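Structures incoming, each one as C-alpha cells.
Each of the next two complexes has chain A plus one more chain, namely chain B in the first and chain C in the second.
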Partner chain A sequence: MLPAAGEPAAGDSWGMLACLCAVLWHLPAVPALNRTGDPGPGPSIQKTYDLTRYLEHQLRSLAGTYLNYLGPPFNEPDFNPPRLGAETLPRATVNLDVWRSLNDKLRLTQNYEAYSHLLCYLRGLDRQAATAELRRSLAHFCTSLQGLLGSIAGVMAALGYPLPQPLPGTEPTRAPGPAHSDFLQKMDDFWLLKELQTWLWRSAKDFNRLKKKTQPPPAAVTLHLEAHGF
Partner chain B sequence: MALFSAFQTTFLLALLSLKTYQSEVLSEPLSLAPESLEVSIDSARQCLHLQWSVHNLAYHQELKMVFQIEISRIKTSNVIWVENYSTTVKRNQVLRWSWESKLPLECAKHSVRMRGAVDDAQVPELRFWSNWTSWEEVDVQSSLGHDPLFVFPKDKLVEEGSNVTICYVSRSHQNNISCYLEGVRMHGEQLDPNVCVFHLKNVPFVRETGTNIYCKADQGDLIKGIVLFVSKVFEEPKDFSCETRDLKTLNCTWAPGSDAGLLTQLSQSYTLFESFSGKKTLCKHKSWCNWQVSPDSQEMYNFTLTAENYLRKRSVHLLFNLTHRVHPMAPFNVFVKNVSATNATMTWKVHSIGNYSTLLCQIELYGEGKVIQKQNVSVKVNGKHLMKKLEPSTEYAAQVRCANANHFWKWSEWTRRNFTTAEAAPSEAPDVWRNMKSVQGHCVVTLFWKPLSKLQANGKILFYNVVLENLDRPSTLKLLSIPAPANGTELTLDQCSYQIHVTANNSVGTSPASVIAVSGDPGNKEVEEERVKGTEDGFCLSWKPQPGGVTGYVVEWCERPGDPLCDLQWKNLGPNTTSTVVSSDAFRPGVRYNFRIYGISTERIPYLLEKKTGYSQELVPSDNPQVLMSNLTSYSFTLSWKDYAAESQPGFVQGYSLYLKSKAARCLPGSEKAVLSDDSICCKYKIDNPKQKTFVVENLQPASFYEFFLTPYTSVGEGPQGAFTKVTTPDEYSHILIRIILPMIFSILLIMILCYLKSQWMKEKCYPDIPDPYKSSVLSLIKSKENPRLTIMNVKDCIPDAIEVINKQEGTRKSLTETEPTKPTYLYLLPTEKSHSGPGPCICFENFTYNQAASDSVSCGHVPVTPKAQPSQLGLLTSSENGPKALGKNYVNSLGEIPAGETNLNYVSQLASPMCGDKSSLPTNPPEPALCSEYKTQMAIPMGLASPPSITLLDEGEHDH
Partner chain C sequence: MPAGRPGPAAQSARRPPPLLPLLLLCVLGAPRAGSGAHTAVISPQDPTLLIGSSLQATCSVHGDPSGATAEGLYWTLNGRRLAPELSRVLNASTLALALANLNGSRQQSGDNLVCHARDGSILAGSCLYVGLPPEKPFNISCWSKNMKDLTCRWTPGAHGETFLHTNYSLKYKLRWYGQDNTCEEYHTVGPHSCHIPKDLALFTPYEIWVEATNRLGSARSDVLTLDILDVVTTDPPPDVHVSRVGGLEDQLSVRWVSPPALKDFLFQAKYQIRYRVEDSVDWKVVDDVSNQTSCRLAGLKPGTVYFVQVRCNPFGIYGSKKAGIWSEWSHPTAASTPRSERPGPGGGACEPRGGEPSSGPVRRELKQFLGWLKKHAYCSNLSFRLYDQWRAWMQKSHKTRNQDEGILPSGRRGTTRGPAR
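Now for the complex of A and B:
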C-alpha cells in the first residue's frame, strides 16, 4: 500500500505540468488575447476534461499515501463510514435525472463552487500533514486543483457565464471545534478525499457532456469516410 | 444491632459535644469533620478533583489532620479506592485532592465520600474519625447526550509502554458492538450491559497520527472511534555541561532527547536550578542556557536541569567548581616580530582568568601545511616565543591557543598569523652543463643551468652571472649577466679554451660559482654505441672507471629525441660513481633515448666516454618494409627492403620474418610452419640478422602461385600484419614455346599480307571467273555480222524434237572426239502418236554445242515421264510465245517448292550456242561441237518438280553461278 519511491518524482513533474496547464487555461480569460481568433469554448472544454482525468489519476496516488498516513481503518479498501462530520462538504452525488436536466450554466457553476470549497478544505489538510513529502504532494495537488478551477472559470467566461460570487462569511474552514475529536477529523479527511474523487468523476462526465454539445456536426468526418470509400 | 448502633452514635455525639465544649473552654477547635465537599471531573486527564474545608477550627489555629477518602464505582458498595490524605488544616481553608482513574470517568458512575481526623500531637485526644460525608456522585454518562454509541477516552495522550483502559458506552440494546485496534478486533469485559471495557497493556508507538481505535455496530453504519496518541518515551537530556569563558557567565549546554514523534508535538520545557544559591531559571532554548555567575565569588555550583513535557519530567545534575570549568578566550594582540632569515618572535596577550591563575599556551609553527615546531609556554598576561631554525625566504604560519594551567578544562580557539622569513644569499652553485658546436670556425657554446631549489636559492633569484675566463690569456675576463628565470645562454667564442663560471644572485648575495671549461676539442670522439635496456624505473647506466684523474661524471640525454629542441637533460655524478639510474616521467615507451657519459677532467673539461642507447619499453615495429621483388625465375625470386629504416622503429629490430603461402603442403627447407592471426597456415622464414636487407626465396615450383609477406620483429614481437604480395613463378618451357610460337605467328602474318597483296593473281590462279555467255565476246561478234538469225541459243527457245538415249557407263570418261563416232539414239518429241506410245525410260536432252566431257553427271538425266504430267508440259511447250513469260513465274514458285531427297535430274547447261537459236533448224541441224568448249553442271532440280518448264527457267538476269 505504500507508494513507490519513484512516485514523488513523477508527481513533481505532473504537478509542474498541471501548473503549466493552469497558466495556459488562464490565457483565454485575458481579454487582449481573447478578442482575435476566438476558437470557441470547444478546446477549453476538452482541455478541462483532460485536466479532470489527469487530476483523478493524481488523486489516486495521493489518497493512497494520505490514507496510509491516517492508518487503519481509513486505508482499508472496504471502509465506508457514515458521512458524519462531512456534511459541509459539497456533495457530488446527484440523481441522474436531475443531473441530466442541469443546464450548462448550472452545471459549470456547481463544479466551480464545489472545487472552490474542496480546495479550501484541502489546504487545511496540507497544513496538518506532518511529513514534508506528504506536504509537498498535497501542495502539488492543490496547485493542480487551482488550475482546474481556473480552467472551469475559463470555460464559463468563454460561454459568457458569470463566476459565482462567494457569499461573505461562508468561506469554509477546516478548524475543528473543541468537541471535534481527532477520529472525527480523520473521518472528515477521509470524506474530503472521497468526495474529491467523486467530484472529479462527475466533472469528467459533466465536461464530456458539454464537449459533445459544443462539438461541431461531423460533416467533415463523413466526407472523409466517403473519400475512403473509393 | 440497630439499637446498638443508635446508642453508639448518640454516645459519640455526646462525646463530641463534650469535646467541643472542652475545646471552647480550652480555646481549641473540636468539630473537625470535612465539609462542603465538592467533586469536579477532568475528563481529559481522567481525574476527580475533590475540594472541601474544615469549618470548626479556631482562628489562626493549624492542625494536622488526616482525611480518609473512599471512591466507589457503579454502586457505592463497590469501593475501588481508599486513601488517607494528611495535611495541615487552617480554619476555612479549601483543601484539594485529586484522583486519577484508570477507567475513563465516562465509562461508569463514581461516588466519593470522606471523613477526617485530627492527627496532631498537640491534641492527641481528638484522634478519632469524624463522620463520613454523604456520597458525592459523579455521573458523566448522563450528560453524554443521545448518541447511540460512545468510545472513551477521547484522544488520549500516553507514553509508549503505558497501560490504557478503553470503554464503549452503547445506548442500543439490539446491536452487537465490535471494537478494533488498528483494524484488529479487541475483546473486553462487560462492565454493565451497556458498557464494555478493554485493557490495553504496554501500548506501542505506531504512527505520528496516533493509534486508531473504533467500535461499530454489527448492523447499520454506526461507527465511533478515538485516536490514542502514543508518544515516544521522553528522554532525559544528555551531555549536560557548564563552562565559563570570562568568569561572569556560565554557559550550560545539553543534548535534548528525541521528540515525542507525534503529529501534535508535546511542548517541552527546560529549567535550570542551582541548589547552593537556590536560584532557578527557565531556559529559552532547547539545548543551552546561560547562568549569571554571582559576584559573591561562589566557587561551587550544583545545577539541576529539569526537562518536562505533558507526560513526564526528567532531571540531570551537575556539581562543579567554577575555576575548573574555565574555557579561555582566544589569545589576542598576536604579532610576529623581528623576522630575519632564520628567526622570528611571536607575542600575544591573554584574557585574565583570575588574579593568581596561570595560562598554558601552545604555539604551533606550520611550514608548507605541516607542523614543524610545537611549544608550550606558561603565560600570565603577555606571551612571547622565539622561533628558531627557520628557512630563509619561506612562508610560515604560527598559531597560539591557551588553557587554564592549574585545572585544564578546554583549549581556547587558535589565533593564527602568517609571516615570511627574510632572504639570504643562495647556498648552492647552479648545476651547469654545456653543449658545444663549431660554426664557421667559431665555437658556439650553449650553457644550461638548472634553477636552484627553494632551499638552495634562499630567496628570489634575480639574475645569473656568467664569467668567461680565457685560459690562453688568464687576465682576460668577460662578464655576462643574464636575468632570471633564464636557464641557459648561448656563447659564441673565437676560440674554445675558456673556463666559465656561473653564479646565481638574489637580492641578498651571490651563490658559489659553478665552473666548467671548454676546449678546442668538443670531446665528441667516435665511441661505440651500446644498447641498454630500460625498465619502468628508468635506465640503469654503468661505465668503466677512468684511470686518470676525474673530478666527476655527467650523463647527458634528450628527453624529446625527435624534437629539434631536444630538451637536454644531464646528471652530475661524483668521481667514484660508475653507474647510475636515469629516470624521468618524460620517458615514453617506444622512444629511443640516447645517453652520453662524459668524464670531467681535473681541468673541468668534459670528454665523452661512452654512448648508450635504449628504450624505456620496447614496442613491436610500427610499420613493415616496402619489399621489392626481383630475379623471378621458375624456382626462386629475390626480395629486398634496403630502404627500410630500422632505426626509427619503437624497438630494436632483431630480424625479419618472411611468411610464404603456397599450395604445397610442406614447407621448404629453411622455413617452418606458422599460423597467422587469421588462422591461415603458411611457411615462415626467420632472418636473424637485422642488417640483412635481401633474401632469396628458393626451391620453388615452376608455374606456381605464391604469396609472401615480410615483417620485422623486436624483442616484444613482430610488426603489424599486412597484405601478402602475390607472385607466380614462370613455367619451365614457356621460353621455348615463346621461341617457336612467335616466329610462327610472324610467318603466318607475312603470308597473309602477301596473299592480300597478290590477291588478283591468286584469284586467277586458284579460282578463275566462269565466263558468262551474255557477256561473251562472241555476242559482239554475232551482232557485228548483223545476222538476225544468229543468236545465242536459249533453252526455252529450244523445242526438243529428239531425245538421245545414251548408254553411259559409269566411271568412264569420253572425250568429245571419242563420242563423236557413237551414233546417238534419238527419241523424237514431236507430237506424234508413235513417240507418245513408245517406251522411254530416260529422256536426255542433247546439246551438241557443249563438250560433254566436263562432268560425269552431264551425260544423262533421267526424267520419269508420267502420263499425268505430260499434257500440261506439252501444252506449255507448244506455245512458243507464252512460254517464257509463264515459265518465268513458275520458276519463282518452283524454287521454293523443291523437296529434298528427290530423284535428281541432271541436265547440261549451255553457255553459248550460236547454233541452237532457230527452232526450225534444230531437228535438221546436227550438233556441231567445234565452238563450245566447256560444260558445267548448273544445278540440281528435284525429280518431281523438274518438269520440262523448270528446265527452261534460266533466262537473263537469273543466272546463278
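Now for the complex of A and C:
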C-alpha cells in the first residue's frame, strides 16, 4: 500500500518509488512527523495482553488452592484424567497453521466466545464445602475474567468488529445430570481449570500477534514535508 | 498445573508448553489417557461414613470391546495405591474392595477412591465422606453496636473437627412471638460469627441459638435469651491523646472524646483506662472513670515511655441501671514522662481536679495536711495545684543548679527562692 506522500509524479512509478525511498531514508531528519489522530487499538490490545498475563498469574494460585481442596490425585503433577463431561468446554488447542491463518476478527471472536463460556462454567461452580477464602478467590477470579471479556470487547469495537451474540439454546449449562457423581464433578472442575489455563496461554500469543499486526508501519504515516530536497 | 500422566497418551509437556508441540499434539489426534474411560462404575457412589466404620466397594467394568476384564484392575485412595490383599476379583468384570476402620476424610471435598485399568488410566471414581456428626456449639456471645443490629459469635463443638463440611446457622426469634429467623451475614468477626443488620426489637427478649449440620447429622446449641438493650457496646473512644503535665515527671494527662454514637442513645458512659510501661506486659487499670473525658495519671516513673488505652461502657440506657458491654480498647497511644534523677512511686488512679483520693502515700498525706491547713490556718490560696507547681519549679531549678555547678562554682545560688505567688 502506498503512503500519502504527496502527489505522485505523473506516469513515473519508478520515480515515485525513488521518491518514496528518499523520503524514508530522510525520515529521521524530518522535523515535523505527525501521526493522524488517535493511537488506534494498540493500547487496548496491549492492555488485554497484560490482563491475560495477570489472569494467568491469578489462576495459578487459585488452581493450586482449588486442586488441593479436591485432594490427591487431582493436585498431583502429571495428573491427566479422562475428559468426559468436559466435552462442551471450548478447546484452546488448535492446529498451528489454522491458528496462524486466523483473521483478526475470527481470532478475537474465538477468544471472546471461549471466555464467555468459561466464565459461565466458573460461575456455576457450586462449592459449598470449600472454605470462605477459596470461594472469595473464585469470585475474585470471575470478576477479573469479566474484565478480560470487557477488554476483548473493547478491542473488537476499536477494530470495528461486531460482538458475537449468543444464539438462544447454545448457552452453556453446567447443570449436571441426575447421575452426575461428585467424582465426575471433580474431574469436570479439573478440566475447567486446565482449559482456562490453556486459553490464557493461547490468548497471550493471540494478542501479541495482534499487537504486532496493528502497530502502524512507518510507511503508513502522513508526513509533513519540510525536509530539504522536496 | 498438572499435565499428562504416563499412559497410552503421549505426554504433554508440563508448563508452559511451547505452542508448536502443543498444537501438533492436537493435530496428531493423540488419544487421551483412559481410552477405556467411562466404562466402569464404582458402587457405592459418594457414600457418607462414620469414622472407624468399614466399606465394601465394587468396581464393575461393562461392555468394553477391547476386552478389559477385572484382571489387572486396581484401586487407589487419595492417589495412593491400596494393598492388593484388600481387593479381590468377584467375577470377570468386577473387582471388590474391603476397607476397615476408616480414618476421617483427608479433605472436606471427600476422599478420592479410584478404580484404575491395568495401564493406570482412570476407569471410575467415588468420593468417600468419612467423619463425625457435629457436636453442640456453645459459648454464644452477642453484642449490638448501635441498638439496631446484633453480632454473635460462638464456639463450634469438638473444636470443629468433624472432617466433613459442617454448616453453621445462627437462628433467632422473639421469645413470646413470631417465627424463627436465620442470620445471613456470616464470618463478620471470625469464622464462627454472624451479623444481623436490622429488624430487631428493643425492650423485649430474643432467643438465639446455633444449629450445626453436616452429612452425618446435626446439633443445636443451648438457647441464649437476651434483650438487645442489655448487650449494647460502642466503638472505643476516638481521639485518645496522652500528654505531659508541664514539667512533672511522674504524671501524664489522658484526654479522649466520647464515642459519637452515645449522643443518639441517651445513655451515659463509664470509662476504663489502662497503661503500661513500654517493655512490660503488666497493665495498670484505672477503674470508675465515670463520664469524664480526661484523666491524669500520677505516680509514674520519670523518663519512661507509657502506652495508654481507653475503653467505654455505655450504661443507664434509656434510664435502665444495667451496664452494657465494654468496648474494645482504643489503639494504644504512647507518651513519655520527662526525665529526672529522682525515682517516683507507682500509682493507679486519676489525679484529681477536685478532691478525689490519690494512692501515692506522700501525696495522700500531703493532701490531708493541706486540707487541714486550709481549715485551721489562714492559707486560703493553698491548693494541691500549688504543690505541683512548686515541684515543677524545684525540678527546673535543680537542673539549672546542676548545670551551674560546672560553670560558675561561686554561682547564682541566690536564685533558689520559693514560688513567687
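Quick note on the criterion: the second predicted complex is superposed on the first by the 175 of 230 C-alpha atoms of A that agree within 3 Å, B and C clash if a C-alpha of one lies under 4 Å from a C-alpha of the other, contacts with A are read in each partner's own complex, and residues count from 1 in each chain.
As a working rule, a residue touches a chain if its C-beta (ideal position, glycine included) is under 8 Å from a C-beta of that chain, and two chains touch if they have at least 3 such contacts.
What you see is a predicted model, and the numbers here were worked out from it, not measured in a lab.
Asks: Could you check whether chain B and chain C clash or fit when both are placed on chain A?
Replies: When both complexes are placed onto chain A, chain B and chain C end up clashing with one another.
Asks: Now for A:182: first (chain B), second (chain C), both, or neither, which partner does it touch?
Replies: Both partners.
Asks: Counting only touches as set out at the top, which of chain B and chain C does A:80 meet: first, second, both, neither?
Replies: Both partners, chain B and chain C.
Asks: Which holds for A:160: it touches chain B only (first), chain C only (second), both, or neither?
Replies: neither
Asks: Between chain B and chain C, whom does A:69 touch in the aligned arrangement: first, second, both, or neither?
Replies: A:69 sits against chain B and chain C alike.
Asks: Determine, for the superposed model, which of the two partners chain B and chain C contacts more residues of chain A.
Replies: C
Asks: Which of the stretches 80-88, 242-250 or 638-646 of chain B runs into chain C once the two complexes are superposed on chain A?
Replies: That would be 638-646, the one stretch with clashes.
Asks: Please identify the positions on chain A that touch both chain B and chain C, taking each partner from its own complex.
Replies: Dual-contact residues (chain A): 69-74, 76, 80-82, 128, 130, 181-183, 186-187.
Asks: Write out the stretch or stretches of chain C touching chain A in their complex.
Replies: 1-7, 9, 11-12, 14, 16-17, 19-20, 22-27, 32-34, 37-38, 42, 45-46, 76, 78-80, 106-112, 114, 121-122, 124-127, 165, 167, 186-187, 191
Asks: Give the list of chain B residues in touch with chain A in this complex.
Replies: 154-155, 180, 182-183, 206-212, 214, 221-227, 229, 263
Asks: Given the complex with chain C, which residues does chain A contribute to the contact?
Replies: Per the stated touch rule, the residues are 60, 63, 67-84, 91, 93-96, 99, 127-130, 132, 181-184, 186-187, 193-194, 197-198, 201-202, 205.
Asks: Give every residue of chain A touching chain B within the complex, in rising order.
Replies: 69-74, 76, 80-82, 128, 130, 181-183, 186-187
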